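First the structure, which I've put down as structure tokens, then a few questions once you've had a look.
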Amino acid sequence: MEFTSAPSIVVWNEGVHEARNEPATIGEMYPQGIHGAIAASLAGYFPGSEVSTATLADPGHGLTEERLARTDVLLWWGHIAHAEVADEVVDRVHHHVLGGMGLVVLHSGHFSKILTRLLGTTCSLKWRNDGERELVWTVKPSHPIAAGVESPIIIPEQEMYGELFDIPEPDDLIFISSFEGGEVFRSGVTFSRGRGRIFYFSPGDQEYPVYHHPQIQRVLANGVDWVAQPARDRSMPRVENPARDWFSG
Amino acid sequence: MEFTSAPSIVVWNEGVHEARNEPATIGEMYPQGIHGAIAASLAGYFPGSEVSTATLADPGHGLTEERLARTDVLLWWGHIAHAEVADEVVDRVHHHVLGGMGLVVLHSGHFSKILTRLLGTTCSLKWRNDGERELVWTVKPSHPIAAGVESPIIIPEQEMYGELFDIPEPDDLIFISSFEGGEVFRSGVTFSRGRGRIFYFSPGDQEYPVYHHPQIQRVLANGVDWVAQPARDRSMPRVENPARDWFSG
Amino acid sequence: MEFTSAPSIVVWNEGVHEARNEPATIGEMYPQGIHGAIAASLAGYFPGSEVSTATLADPGHGLTEERLARTDVLLWWGHIAHAEVADEVVDRVHHHVLGGMGLVVLHSGHFSKILTRLLGTTCSLKWRNDGERELVWTVKPSHPIAAGVESPIIIPEQEMYGELFDIPEPDDLIFISSFEGGEVFRSGVTFSRGRGRIFYFSPGDQEYPVYHHPQIQRVLANGVDWVAQPARDRSMPRVENPARDWFSG
Amino acid sequence: MEFTSAPSIVVWNEGVHEARNEPATIGEMYPQGIHGAIAASLAGYFPGSEVSTATLADPGHGLTEERLARTDVLLWWGHIAHAEVADEVVDRVHHHVLGGMGLVVLHSGHFSKILTRLLGTTCSLKWRNDGERELVWTVKPSHPIAAGVESPIIIPEQEMYGELFDIPEPDDLIFISSFEGGEVFRSGVTFSRGRGRIFYFSPGDQEYPVYHHPQIQRVLANGVDWVAQPARDRSMPRVENPARDWFSG
């Protein structure tokens, strides 16, 4: 299944697990890094798109004003280096999301500076790394992000993420996961902030090959398509002081 | 814990399982019927309230216009006799909910005429009666219905209710349950319709002593308190054709 | 602006104003009927689509099972003949919406049998036919239905529709209108029911040439594109009783 | 009408207009300051409550950790001195809101550091100070904040606040205002963040006697009652790493 839309896509990954080779299996699982695996999958879904990657180690973390200005969708994976992301880069990304750039935040990115700034809450949660089976159930089948997705998606081994997930009430609750230990998690949720759209999706980790799962790849592609607004002029909402009847010309 | 509010409460139960003594354990588990057990618990929480019961076998199912007019909160339990509820009674209840009467729908009441009419969807779901452990997790801790409630509530044996639960997007999603088989369910949700408030809560069954669980009783009491609007005049929203500037007159 | 999607579209109009030539201006304003004007506009936006019309006077109101089964989006305009729509047709449309057919309800269609059944409320409102200026303001600019739409849309003369509009809390509130007399109205709202998507849009009337307004035409086209789910198999949510671990099998 | 609840209330005002006597009418309109007028009104509604005030000029802006810890509801009025509010005070307030302290943000407080941090958006809007009539319409009559409130509230002269109001989709949309110039505004909205509840209400200004309006006073009292959760332990959501089956232990 391929999309006819062609949003410009950047997959950002802190890339620290890969650089340190921690866990030792990461190089085998993701030879091009987590970002490389995600980008390769998206390139297949969006044959007309430019799909590129960026990491923490790149100058300006690879997220210069020029690059963001021509990006329709930014995906974000981070885990152990959230604090190392420069505030001025977070400012830029925040500005572009409010202006209409789509944002897809993945897994441990729940604690990223950009997501906590956009949402205003702690984004804390329960977790346990015990290789549990995760089942991802669709609860909003009319949403495009659920199109063509099996319910449940079965992920044989995963880190558990559990409620209470401290987020604002999402615009759309699309997926709820359960884990062998009995916990549940709102694993696929959307938000609108300013003129931009945000999709958070929790499955995915540095220890499990989740981003190779065809159903997970489909969800990410659906998410990219849904948050993308290529035609938008990227102007941020701003205060205005109009005269009476300004609109009647 | 007692509430200072004193809403007028009616607990409605079709009462057919009790009348047929099916399952055979129901008389031991609920000697006064499911409705009797719930009413007794609520009477403890609302010492100032009139708490009464009504069943399908009562004239007009016990839900006359006069009685509904002085009822602040109606609880609804039904299972095998939904089709026997008279449409004119459903009309009356519908009218009163839109006018401001609170409604708490329980467990298999998801398929009741009154809930499907209010929600407009099939309210279908997955189910399996296999005595599974249900865990009820709080996901909106700021909601009064979650006040004083443990997360998770542990119900040792329960019928499984699973997604897809075909309901409209609720106003508030307060509880999500998981079951041993891995299914999840939006087990505590609220809706507003007209001037009225609705709370649906899924735990509870004719085969398991769920309504004796102190935490479940607390949720029901919180739900009753939340849907109740005793001071409301019970006028239904209606079409109006005002003159220009009627309000400044 | 043209859409690349090609949903199959049916524009339904009761067609009674046109048949009676009431108001006397309707024939001049809408020589092909309100449905004809809307269909012509949509045909321009969706060059790949089959766009057809149907009316109350057609056999089965033009909404047979066969036709609905191959329809991706149904638009609904009705006013003075809601009661004449056969319940079995409403049943069919209801069934198809829950299965995934998109529905766009227009103006006085707020009181149609299909919308009140889907929403469960009275859908009552305030109204006044006094030729007032309506301003339609965008409040959710990230929504595709707002794409390319001016804020405000200025409609020089319109019937006033005002709050309280007795609907459930919508999934998305996209437009709010104001009128010269000071009333406000949630004029563009979405709902999801079952697997289907619904868009209600209030501007439009038999006395004013609102459906010739280019901005209104753009909103309707956006709405059609948003509710359409052409690839859906149109299966309605239904009760299921799975075995434990059916999904791992 | 008096409330039986007795939340501990602090009314915060930057107090700069009052100190500078700008506008020159402010001393006559609000001899005890805007905060004093609001506190006096609330004291009448909550006879059992401690109601106090705090301003920017107080040490720590009057919002020490000790005081916040015993506050159930904080009201916030600010306009020209948002930037002078110390970040560490904003940190403290943010922390307490996420832990369960209620927050009511008023009028030009839309641009306060605390609200923009909680919401993650610019909170920008349109405005015009032209003494226009504001009408405040109730659109969610089942919400306690609308109880006993006339629809519309008529405010003879007001500053215009108009859409686009750049906020996240609110949990509840209770009031929509219109202005003589034709603009509309979501003037009464709620949000939940962490364990806390937030109510934003736009009517109110330093140039108009809006806080003396009996209906506005009623809305503020309703808002205080709704955001208050006196029994809460004020613990902020935090990350947890539980063992499997910790809950059954």
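Details
Order of writing sets the labels: A, B, C and D. Residues in every chain begin at 1.
Please note the rule applied: contacts are C-beta pairs under 8 Å (C-beta built on N, C-alpha and C of every residue); 3 or more make two chains touch, one makes a residue touch a chain.
Note that the coordinates shown come from a computational prediction; the quantities given were computed from them, not determined experimentally.
Taking each chain's centre as the mean of its CA atoms, A is the chain most distant from chain B.
Interface note: chain A and chain D, two copies of one sequence, contact each other through mostly matching residue numbers (shared numbers exceed half of all numbers used).
One inter-chain figure worth recording: chain B and chain D are separated by 33 Å, centre to centre, where each centre is the mean of the chain's CA atoms.
Chain D has its Cα centroid 37 Å from the Cα centroid of chain C. Counting partners per residue, chain A has 135, 140-141, 152, 162, 164, 169, 171-172, 180, 182, 192, 194, 237, 247 as the residues that reach two or more other chains. Contacts from chain A toward chain B in the complex involve residues 133, 135, 137-141, 151-152, 162-165, 169, 172-173, 176-178, 180, 182-184, 186. Chain A contributes residues 98, 117-122, 124-128, 130, 132, 162, 164, 166, 168-169, 171, 180-182, 191-194, 236-245, 247 to its touches with chain D in the complex. Only residues 4, 100, 135, 140-143, 147-148, 152, 154, 171-172, 192, 194-197, 229, 231, 237, 247-248 of chain A touch chain C when the two sit together in their complex.
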